[in-house]
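Two complexes come next, and they have one chain in common, chain A, joined by chain B in the first and chain C in the second.
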Partner chain A sequence: MPSFTLLGQSVVSGLLAGGLYGLLALGLSLSWGLLRLVNLGHFALAFLGAYLTYQLGTAFHLPAWAAALIIVPVFFVIGVGLHAVFAYFRVTEFTSLLVTFGITVIIESLIQWFWTADFRRFETPYASTSSRIGPLFIPTLELLAGLTATALALGTWAWLRLTYVGKALRASAEDPEIAAAFGVNHRAQAFLLSGVSAAYAGVAGVFIALISTLAPSQIWSWLGVVFAVVIIGGLANPVGALLAGLLIGVSESVTMAVVTPAWAPLVSFSVLILILVARPGRA
Partner chain B sequence: MSTRPLAALLAAGLALATLPLMGLPAFYESFLYLIFSWVALATSWSLLSGYAGYFSFGHGAFFGAGMYTTATLAASAKMPFLWTLPIAGLLSALLALGIGAVVFRVRRLRGELFGLLTLAITFVLATIVLNTRIDGGPGVYLSGVPIPRFVGSPTGTVYLLGLALAVFSVAAARLVAESRLGLGLFAIHDDEDVAEVKGVPTFRYKLIAFALSAGIAGVAGGIHAVYVSYVTVGETFSITVPLYVVLMSILGGARHWLGPMVGAVIITASLYLFTGGQTAVLGRAAVALALILVILLLPEGVVPASLRGWRRLRGRSASPGSSAAMPAPPERHAGEPAGPAVEVPAGAAPRPAAAAEARVLECVDVCRAFGGIQALRGVSLTVGRGEIVGLVGPNGSGKTTLINLVSGHYASDRGRIALGEATLTGRSAHEIARLGVSRTYQIPRPFFNLSVLDNVALAATFGPARIAAAAARAEAREWLAFTGLGRRAAARPGELNLHERKFLELARALASRPRVILLDEVLSGLNPGEIASAVRLIREIRARGASILFVEHVMRAVLELSDRVVVLNEGEVIAAGDPREVLRDPQVVRVYLGTRHAA
Partner chain C sequence: MCKVRELLRRLTAVVAALALVGAALPAAAAPSGAPIRIGSTLALTGPLAPTALIHKIAGEIYVEQLNRGNGLLGRPVEWVLYDDQSKPDVTRSLYEKLITVDKVDLIMGPYATSGILAAMGVAQRYQKMIIHHSFGMPHLATYEMHFPVAPFGPEPQKTVPGMVFDGLATTKTPPKTVAIVTSKFPSAQYQSNGAREVAEKRGLKVLLYLEYEFGTRDWGSIAARVKDANADFLWVGALGLDGNQLLEALKKLDYSPPRHFHLFPAPGPMITAPEAKLALSNTFFEEHPPFTNDVSSARLVALFKERATKAGLPYTAVDTQAAGSFSAWQVLEAAIAATKSLDDKALAAWLRKNKVDTMEGKLHFDGVNNYGEDLSKLRQVQDGKWLVVWPKEFAAPGARILP
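Moving on, here comes the complex of A and B:
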């Protein structure tokens, strides 16, 4: 049995890793739940954001927060543009998966073209700083990612619950025709949501650049876990996505500490399978 | 259906099989092998996912299971390589049966959820393989495994095995598409609940398709293990296989037996054009872009789209007005609904309407609750042989629930439902359909991707008469003529108006040659002329020997048609008997029109 400190540390790092899962899941969950588009390209966009952060930081010595100020609005525009294509071709839930797969491959190829397939590491002075609570270490960047994810999840929740646009979006997701009959302009709001979702990918990308090592093929490695998080959290449920991210993060990290790292994927996917079979109504 | 496509397929396979004998360079052998392998994988995937619409992202799991079966048996257990292939297929099929037995019982686990579930299963399997003695981490070498030489070199053997599997899977896809199984799977794709109610054993069919699909993938994996000769978890269970098979099938057309093959050839060949170096990267991007364009512009796939284009071309050169795509018009397409031309189906001898001496359908004390709402509280009613019973009552009184219970869509909480001697309670919907109960839906629910003719033929195929496919079409044409839809046989249900869809529902219910027909508001939304012809039709149905229980709000029709009327209110029978008497009953008037109108 591992020591209490080790267990505590693994819970902490699980929570922090889970924050990043939640951050990535957030945009995916929104576009899937509210626009009925399964956007595989979300991962590719996030990594594009990460590489841009890396490029701006290494070539122009721009700090990450400044890179975020550029990347987030640009990604918002990209998201709106993508949705224009989806809307024009009336892309359905399933074809969206295929089209965004194509987009992912294109972005992956472009990344490989510009930055090669080699691993890249964005070295920053604050990369290794951490604070200490009792015996537990808390890395600053991961903490910041977790807090950002929490803030975005709560903000999105409030946006969907409390504002007209949020309510209109939820109504359209449930029944577009009835919502339209009540005067909801679904098209305009869909563009907004798609932009927001892409912007979230940009935010996640900045943190990915700061926290992890970059390689084009990494795009695919997040796919399974984050989809599990989206489903477990419930579609279009921002707080659910965050909590599911934390749950998966902690369960993976505790498995790594208690059993061995190699068994970690078994946990998240078994949780997903159990939830799907036992409560299929969730998503 | 003609056997020419199959013969052509076999001939092509034999021609390709001679290539290694003619001294094909090893490079081409291995390139063609890759195409065969993808053809087998994509085609097998479409058996469940394309035909029945259960999109699986777990094809990699079955492919991987096959790879590791062969790797373990041939490399570690020293079993002869060829022996491992059937075992690989069998194990993968068993794995699919196990998964399906759990997953297919959950009604709502369809679409993307099924896809994600199967993807998750892939990752779980990969983790298990990686962490146990099956692999353990470093991968498995098969370089020492002896490969029998059919022709010259070992690569020739791999080539021939891949070719054989590809031909087998395409042939299987064709045979399934033309069979009862295929018709059932297509119906499941469009509306699984209706398919079950029409007599398709949906659970079993899905399992069969899943096992066949996984079995082929398993054999493909087994062959691929010796092709790569070094098996690792990372490569085997990567996202490549599940995504590529989906893309290939969608690109070619997942619902057509040739579609996945065409898609596999296009994608494998175009990826091969760009190999090595930086051009490979840009090549991949170009392929992805082409893929996006094809999916956006030809969402149904290359094969169906080209076939349609080809038919349109041929149709234009042929005589105008007769589309070549359409099957021959039915003989009696202009037949009046009440026309005597149709043979009375055997086994359902016409019987004059009479007082019900023999009970055909009997419900005793049937109860059903939905959450806290008691929809039916102990309903008992009978329908006699050749009788027409009207079931009326205000909205929410439980009429449609009763129909759903009789047809087996829901299970009753208590009580007994029987058809003649057979108890229906506890049976699944397709068994009930086969015993001779058929129903219509208030809002028509045709299979939108099947032609009108096939919609009706499906009911004939899976109904109690269980007519063989060819005869079922002939039968379907008669029922279409009977309901006045003869001219619309080749149309898709989406092209029909409401009145025609309602009549399609009727034709579908009749084609199964039922003993009891449950009609759920067939008249609602029809204009007076259409109602009159529907009423004539219902009389005619009874004259052919079926008993009818019909839910209706059009009182004129209820009075005109019913031998007896049963009134439901809040889940209870409040009156039953002669239509005119019952509808004058003060209690009935009260529940329908409110207290003030009760005399």
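Moving on, here comes the complex of A and C:
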């Protein structure tokens, strides 16, 4: 029987890992739900952001927050540019899978060409720092990633629910023709949303650089679990993505603590299947 | 008398002139004719790529050196290299292509156990000899024309942990309890499972045995369990940076294992991480005497450092991986030179009967499944370097297991 401390620590660890899942899922969920584009390139962009954070930090000694100030706007522009390509070639929901898979492979190759396939680690003085609450330790960077994910999820939710642009985006996703009849300029808003999604990938990338070890092939290691998070959370549902991330994170972590770490990868898909069985119309 | 002196003077001048001409000429005639084509794959992309890059650089250096000399059998050598993407199924297809489409003369093994096993099946089907440098599960290698250059011996699941616990037993505070955390990557899992059995047979108490998937991202819960077990000795059956990530996660829990061993770590990051201080690992070669006493080894070490620096590798020292690659090429060169043949069966027959001097030591292939004895050594991070600390005869000058 695991001790209370071990269980508590695993829940903390799972919540924090879930925050990062939620952060990565946010942009993907928005582009899939509101633009009908399944953007696999989101993962590649996040890792490109991570490598840029590493490069700016190691070559120019730029702190991560300063790197974020450069990366996020640049990624917004990249997102807008990518959407221009998707719009020009009339990429559909299904073909977006193939196109963005290709983009991911290209970005992975570029990363490998520039930074080689070797592991890269962005060492910072605060990488291993933690706060202590009773017997439990809360790693600083993971906590910061979780708080950022929460702030972005709530902010995006409010943006979609309370602003004209958000409502227009949701209306266009629901019925583009009726939305257009009411004067919604879906084209312009789609560019904005694509930019925002890519910017979120940049934010996730900064935290990936701070928390994880980088290797180009790791782009693919997040794919399965983040897809599960997006579907469980509901498309275009930022708060849902965050909550789903936390659910998957805690489930994986507790499985590692109580059973064995080898079973953890089964958890995300088992939870996904259970939820789809219980609520068939979820996705 | 004067005539004799004059004769001697002229003779000396002629000898000196000949010596100068000799020095100006290359040591051997340049290779000529159709190249000998040697085919292999390496994991140039995918999760195994960081380590496979080391093998690529080592192989390129060796082939260049061969071609600067007399090549093989007086012919130049061409290395036909493909990227197997760290995938055994791709490896299998590419070896099929190397043999049937490219029609290479000889093949060399890819990097890492799963890829080698895939390539070995193809080699067996076409009766090609295969020399490989990084195979960790000897009991699965039953093909009679495979030659393992990673000298783990036929039972590394017993001999590697045995060597580690032997070394630790010589310290003032030998461990009494053990925690084992291992990747499910086949060779790591195999040797770590063996470590559990060896530890129990020696009367050590195994407090924790955990397996995790290759590519695990979240180390927090695994670290919590290691801390909870609080064993005297932590065995990490890790590949690449897994060990670093586990130690970092442990540090976040304000815990540092008293002693920790890492099976297949990425060597560079382990020496630079503060939490990995005094980390233990196994090796077949390190950049210090007695390993570098051999002139040709020292030369390859210098060449590797130069090329790895140019390629932007963060760690440029020769250790187990690069030495394994160099040794594989040394074995192939020795067999071809001795048999004056490219016939797979003739080369294999010679290798089964003869010992070959390599960077890793004298290798022989006459034991179970063509394995010789286990040449593993225990190394430790000390003052920012990997130093062999056990067995004593291979220890770096003045080095011993700390603390």
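Just so it is clear, the second predicted complex is superposed on the first by the 281 of 283 C-alpha atoms of A that agree within 3 Å, B and C clash if a C-alpha of one lies under 4 Å from a C-alpha of the other, contacts with A are read in each partner's own complex, and residues count from 1 in each chain.
In this section, contacts are C-beta pairs under 8 Å (C-beta built on N, C-alpha and C of every residue); 3 or more make two chains touch, one makes a residue touch a chain.
No experiment lies behind these values; they were computed from the predicted model shown.
In the superposition on chain A, contact is made by A:Pro139 with chain C only, not with chain B.
Of the two partner chains placed by superposition, only chain C is touched by A:Ser130; chain B is not.
Applying the stated contact rule after C-alpha superposition, one finds that A:Pro261 touches chain C and leaves chain B untouched. In the superposed model, A:Val277 lies in contact with chain B only, and not with chain C. Contacts of A:Gln112 after superposition: both chain B and chain C are touched. In the superposition on chain A, A:Gly102 makes contact with chain B only, not with chain C.
In the superposition on chain A, the residues of chain A contacted by chain B and by chain C overlap at 109, 112, 260, 262, 265.
Across the interface of their complex, chain A is touched by residues 44-47, 49-50, 52-53, 86, 184, 210-213, 215-218, 220-222, 224-225, 228, 240-241, 244-245, 248, 251-254, 266, 269, 272, 275, 311-314 of chain C. Within the complex formed with chain C, the residues of chain A that make contact are 2-3, 5-6, 9-10, 12-14, 16-17, 108-109, 112, 116-121, 123, 127-130, 132, 137, 139, 142, 212-213, 215-218, 221-222, 249, 252-254, 256-257, 260-262, 264-265. Residues of chain A that touch chain B in their complex: 38, 85, 89, 91-95, 97-99, 101-103, 105-106, 109-110, 112-113, 220, 223-224, 227-228, 231, 260, 262-263, 265-266, 269-270, 272-273, 276-277, 280-281, 283. The residues of chain B lying in touch with chain A in their complex are 55, 102-103, 106-109, 111-113, 115-117, 119-121, 123-124, 126-128, 130-131, 137, 238-239, 243, 246-247, 250, 278, 281-282, 284-285, 287-289, 291-292, 295-296, 299.
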